[in-house]
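The following pair of complexes shares a single chain, subunit A, combined with subunit B in the former and subunit C in the latter.
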Partner chain A sequence: MSYPRRPLPTAFADRRRVAFRLAPLLVFFAMTVGVGLVHAVLQSLALAGPPALDPARETMSRWYAYHELLTRPDLLRSLGHTVYVAAVSAVGCVALGSVGAYLLWRAPDWVRRAGAVYRLPIILPHIVVAFITVLFWSETGLVASLLRAAGVVRGTAAVPRVLFAGHGVGPILAYVYKGFPFVMLMSLGVLDRVPERLVTTATMLGAGPVRVFGAVVLPLLAPLLNQLFIILFLYALGGFDIPWILGASRPQMIPMTVYALYFQGSLADRSIAMAALVLLAATAGLFVVVYARIARRLSARERPV
Partner chain B sequence: MSVPAPVPGTAPSSRRAWRWIALLAAFAVLFVSPVVVLGLRAVAARWSYPHLLPEAYSLRALELLVRDGGRLARSLVSSTVYSSVTVLLAFAVSVLPASVLARYEFRGRLAVEALLLSPVLVPAITYGIGLHFLMIRVGLANTTAGVVLVLTAASYPYMLRSLTAGFQQIHPDFDRCAANLGASLHRRVLTVHLPLLGPAVVAGGSVVFLVAFSEYFLVFLVGGGVVPSYTGYLFPYVSGGDWTIGAGLTLGFVVVPLVLFVAIDRTLALYYRRRGMTGIQ
Partner chain C sequence: MNGTIHTGARGASGTAVAVLWLAAFLACLPVARLVAGGSGETTRRDWSSADFGEIAAAARGTAVRFYMWGGSDSVNAWVDGYVATEMADRFGVEVVRVPMDASVFVNRLLTEKQAGQSRGTIDLVWINGENFRTARQADLLYGPFTQLLPNYRRYVDPATAETDAGFPVEGYEAPWGRAQFNFDVDTARAPDYPTSFAALREWVRDHPGRFTYPQPPDFTGSAFIRQAFYAVTGGHEQYLGGFDADLFARRAPALWEYLNAIEPYLWQGGESYPRDLAALDALFERGAVDFTMSFTQTSAASRIANGRYPPSVESFVMAEGSLFNTHFVAIPFNAPNTAGALVLADFLLSPEAQLSKNRLENWGDFTVLAMDRLPQDVRERFAALDLGDATVSLSELARTAVPEIPSEYWEALERGWDEQVRLR
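Let's turn to the complex of A and B:
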């Protein structure tokens, strides 16, 4: 159980003490995340960073980087592709994770104990998950070998290309594999506090397992799943490690594009890279604000279980 | 994985047992097979399409220990050190704010909390590249200190969240009682707060350690290849260089956290049993 928060003490000295306790972390945050973001904003507007050696840059508009980012077809395609991969990955994680958690929650103890292996991908680094994806899903990988052994395909030419084909299946497979056990873990944490009688009542009223999931379990998990969706979506939007191994070169995931523009492009390209980062951070910030709103509304009418 | 046989003679429940066995089979395919494949791959000399098992075996991955053991050990030690320091720093910056966020209600608390937790949501690359540029200026780029700073920035929210939840579970009277009995702040922190916070520290610390230990990009960016890291050592092998060695090294990522967590779990259990504190939480 947790104890309720109390109002701040009214004495000024006490309030100052409270402020002092918050200050170190606020300063740390400002000195790392804060300055990093501010620098990105400034450099995207060509107000900081190395001076552009290209004299043409001097005459360009302040908003050159944003203009390029939002009008160049290859960059736009990258943006769209990244949002698509991130959204599909996050939906996949939440869907598989909540169903998986429900199944384990309803399972008898011996299944639950043996089923604990589901936690494996949680401890695996992203680059390892990407490597496993390559081992299984590349054109000459294990899945292709299995399909051939089963007689489904003959010869290498018949194996459909899963990775690096440009439709983002590689990164999606890796993100879902890494993410859905995490959703399971968190969901089980919530479900284990749900009393059995809710399910018993629903079953007595004639609900089957699918109906119980939809009418009882999902509504209880909804706030958590919303949170997890946002976390996983934003991670996949800005994650570097998985596209670094599994991303196609065209269309590229945005973190790859940023890296290439920043470290391999011209100095003017650097401001485009920073503009992409600012856009990414703004998207994330928007999500945080919207989420804080939703969370406040939800906690105002939190229902006791 | 031991699976007890279903109780015979109970028709409906044995049909149900088959369903659970099917579920476990799916789990085995999803979560056990990758480890088996990595294990086989690590001892495979040749394993090409369309063979379902390696064609020839070798202990080439082990030879790496002899050939390049020094660099491998350095990368492992370096990763362990910067991840551990990251846990300590994350704890140091989070513990006091967590106590405030857990105990007091004030205007803007949610805003402060959302701001401080935001590094979990805002992708690290967005501030990482800008921060790296500034670190070059102040001489923190390519140093372990710089790596610790950027990893702490990316991972302290897990510690903050865990400690906040931990503080919320401590009854405020515990502190008051100890103070009434004359315990100094120092003594209260050591004998009341820290033991009660133990599980929250371990939970937060484990996640922070794992995030830091597994991170490739930020270490690669800020460490600049000068700060050795296990992920950095592994990368060239898994990205196409040598799958046999890549698979062998990858198994380290399964073993190291498992050993670590079991060790922490055992130590803590022992500690709490000695102090007779089981059942308080």
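Let's turn to the complex of A and C:
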């Protein structure tokens, strides 16, 4: 597809033309995502979906699903746990990725070249990353075997439980392992366009590596990191594959809860599953709006400096 | 519509936009179809008075999509190998196995029914218990059809397939195998293994982290708690007369007490349960736990034979009883190839297929055919089957066999487990 090269359209007419050209895409999104979302909302209110087999269902209120969702402590706890796992994972990815990118950017060329292996997890599917995590961290995994071989622990029962425990470390490890190289890759793309003299000047003015990172590199990366944080957080919020392999039974991550309610529960549970998805989508939307607003305010405050 | 758009834009980009519009339009078609409620193909034959020769003739050259639980490699290999080959050779029918949990395809059929989709994608399903009840109650199945199958009429004793977990079958599903619940233990790691639920409680306490069970509503995990329910509440007989909510409310607390008492000593301190049987099998193979369980009587023996388990693995059943049930195949209301499905259901009931299925190296699943209705030579071949040293003897299996209780209890137990055990 080739489009004539010309200045970006700014006039109203041009804008309309762009909107018109994008329209097929928008219609497609509206039909797929939009219809799906509307259908989910309808099902959560029992306005669509299978005819209830449970006669008691007929007499329940429209808001039955939301009422159940908000009054069952386990479901709310699931939602809270999922937000926590997603947030910790995204923070971990961004922190590790940005520092990693900075170190690699400052490193000599040969280190950079050798360091390129960091990209490996980017091409691995999430499910593979989940299995790698099991391979390393399970009670019979590599780490436990090494600890046993070194005589640090005896027997499988004595190994500290990393996976499948209520603190969500398993999914977090997997999400960080999968996500931080992505942050590194994107950050290096920005850093490679940063003029060397910025760092040189800072160093000449007496800044150490930590100061350079905080005062020079981080502000340059901030807009990118904000976007990456949102992307990683949202993925971890709704991702199914990693919780499926690594999630604990209690508290359960919300995608697993939704799956169990929808496929393994009774028919009345399907509306609760849909309500949970609607709430998850609302949480995601709210998060993006709030985060973007905070990020904008912070960067506006920094601008005059 | 496309014409106006084309004239509205210019040159190469105009063509591109037109192509995009067309693509968007095409992409929306399936969505629109789903919303509108599917296609209206209703001209399908009613086979209810047909003779099997006609059905087989209509099935020739077609493909049957067989939706079934895909969690066992040996079962999958038997269907893809023996069944597919024989069906192609004998009837010219292609068998396409699609792995899917029963609860998932029942859900899909419900959605299709709701959308009025009279032509679905599923021809035959492997189903039983609560999923069959749901499917029947929502009228998702074609039938009755068992009277159309020559092998059913000839070799099956209808009394042995009258009900499925307390729900009347009424010809809407054809039996194809009998399963009995077994525990598998590695006797090298747990020589003193318990053989009753009472002893299991003590054993688990003395060996923390070495036992667990799949998280209900996994089929096997759900069967495990059902058996424990029989064992700790005074037997299954009291539940056979249909679902009794009061009785359940009185009896169930003893089960929750039992399961919560062992929980701190389970794998991972009971903080997590394996999500399904495959996950438990993986833990067992890795040596993380000493027990697994199965609904195939010969599962351990066949896995020893193909090297997955060490020879020290043995199957056993609990003294209080071991669940015994029949599994079935059924045809969805909107199956696109009913004739092919009927032919496959009949083939699965043929003495040859039942013998092949019963072989240790294939699947080891027990037959549903009535021995006294079979010809002498076939009966002898069944008697001569080698079921492996690790398998529980047929007499012990018969002595401990206990039936399924009505499937309403299954759901009540699964829900109760979630509230009283998982979330405690």
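Here is the rule we go by: the second predicted complex is superposed on the first by the 266 of 305 C-alpha atoms of A that agree within 3 Å, B and C clash if a C-alpha of one lies under 4 Å from a C-alpha of the other, contacts with A are read in each partner's own complex, and residues count from 1 in each chain.
Convention: a contact is a pair of C-beta atoms (placed from the backbone, for glycine too) under 8 Å apart; a residue touches a chain by one contact, two chains touch by 3 or more.
Model, not experiment: these values are computed from the prediction.
**Student:** If we overlay the two complexes on their shared chain A, which of subunit B and subunit C does A:Y118 touch? Say first, second, both or neither.
**Tutor:** Touch partner of A:Y118: subunit B, not subunit C.
**Student:** Quick check on the superposed pair: does A:L103 touch subunit B, subunit C, both, or neither? Answer first, second, both or neither.
**Tutor:** Only subunit B; A:L103 stays clear of subunit C.
**Student:** Let me test your reading of the model: by the given contact rule, A:V290 touches which partner, first (subunit B), second (subunit C), both or neither?
**Tutor:** neither
**Student:** Which chain, subunit B or subunit C, ends up touching more residues of subunit A in the combined arrangement?
**Tutor:** When the residues of subunit A touched by each partner are counted, B comes out ahead.
**Student:** Between subunit B (first) and subunit C (second), which does A:S145 come into contact with in this model arrangement: first, second, both, or neither?
**Tutor:** In the superposition, A:S145 touches subunit B alone.
**Student:** Touch check for A:L237: first (subunit B), second (subunit C), both, or neither?
**Tutor:** first
**Student:** Tell me which partner A:P24 touches in the superposition: subunit B (first), subunit C (second), both or neither.
**Tutor:** both
**Student:** Which partner does A:A222 contact after superposing on A: first (subunit B), second (subunit C), both, neither?
**Tutor:** Neither partner.
**Student:** Between subunit B (first) and subunit C (second), which does A:Q264 come into contact with in this model arrangement: first, second, both, or neither?
**Tutor:** So A:Q264 only meets subunit C here.
**Student:** After superposition on the shared chain, which partner residues are touched by A:T32: those of subunit B (first), subunit C (second), both, or neither?
**Tutor:** both
**Student:** Overlap of the subunit B and subunit C footprints on subunit A, residue-wise?
**Tutor:** 1-3, 21, 24-25, 28, 32, 35, 49, 139-140, 156, 244, 262
**Student:** Considering only the defined contacts, which subunit B positions touch subunit A in the complex?
**Tutor:** Those in contact with subunit A are residues 1-4, 20, 23-24, 27-28, 30-32, 34-35, 37-38, 41, 48-52, 93-94, 96-97, 99-100, 102-106, 109-112, 114-116, 118-134, 149-150, 152-153, 156, 160, 165, 168-172, 210, 213-217, 231, 234-235, 238-239, 243, 246-247, 250, 253-254, 257-258.
**Student:** Can you tell me which positions in subunit A touch subunit B when the two form their complex?
**Tutor:** It is residues 1-3, 5-8, 18, 21-22, 24-26, 28-29, 32-40, 43, 49, 103, 107-108, 110-111, 114-115, 117-118, 120-121, 123-128, 130-132, 134-136, 139-142, 144-146, 148-149, 156, 177, 181, 230-231, 234-235, 237-241, 244-245, 255, 258, 262, 273-274, 277-278, 280-281, 284-285, 287-289, 291-292, 295-296 of subunit A that touch subunit B.
**Student:** Given the complex with subunit C, which residues does subunit A contribute to the contact?
**Tutor:** Listed in rising order, the residues are 1-4, 20-21, 23-25, 27-28, 31-32, 35, 49-51, 53, 74, 138-140, 156-157, 161, 164-166, 244, 248-250, 260, 262-264, 266-267.
**Student:** Please give the residue numbers of subunit C that touch subunit A in the complex, ascending.
**Tutor:** Residue list for subunit C touching subunit A: 8-9, 11-13, 16-17, 20-21, 23-24, 27-28, 31-32, 35, 101, 103-104, 107, 110-111, 113-114, 134, 137-138, 208-209, 215, 217, 268-269, 271-273, 275, 286-288, 411, 414, 422-423.
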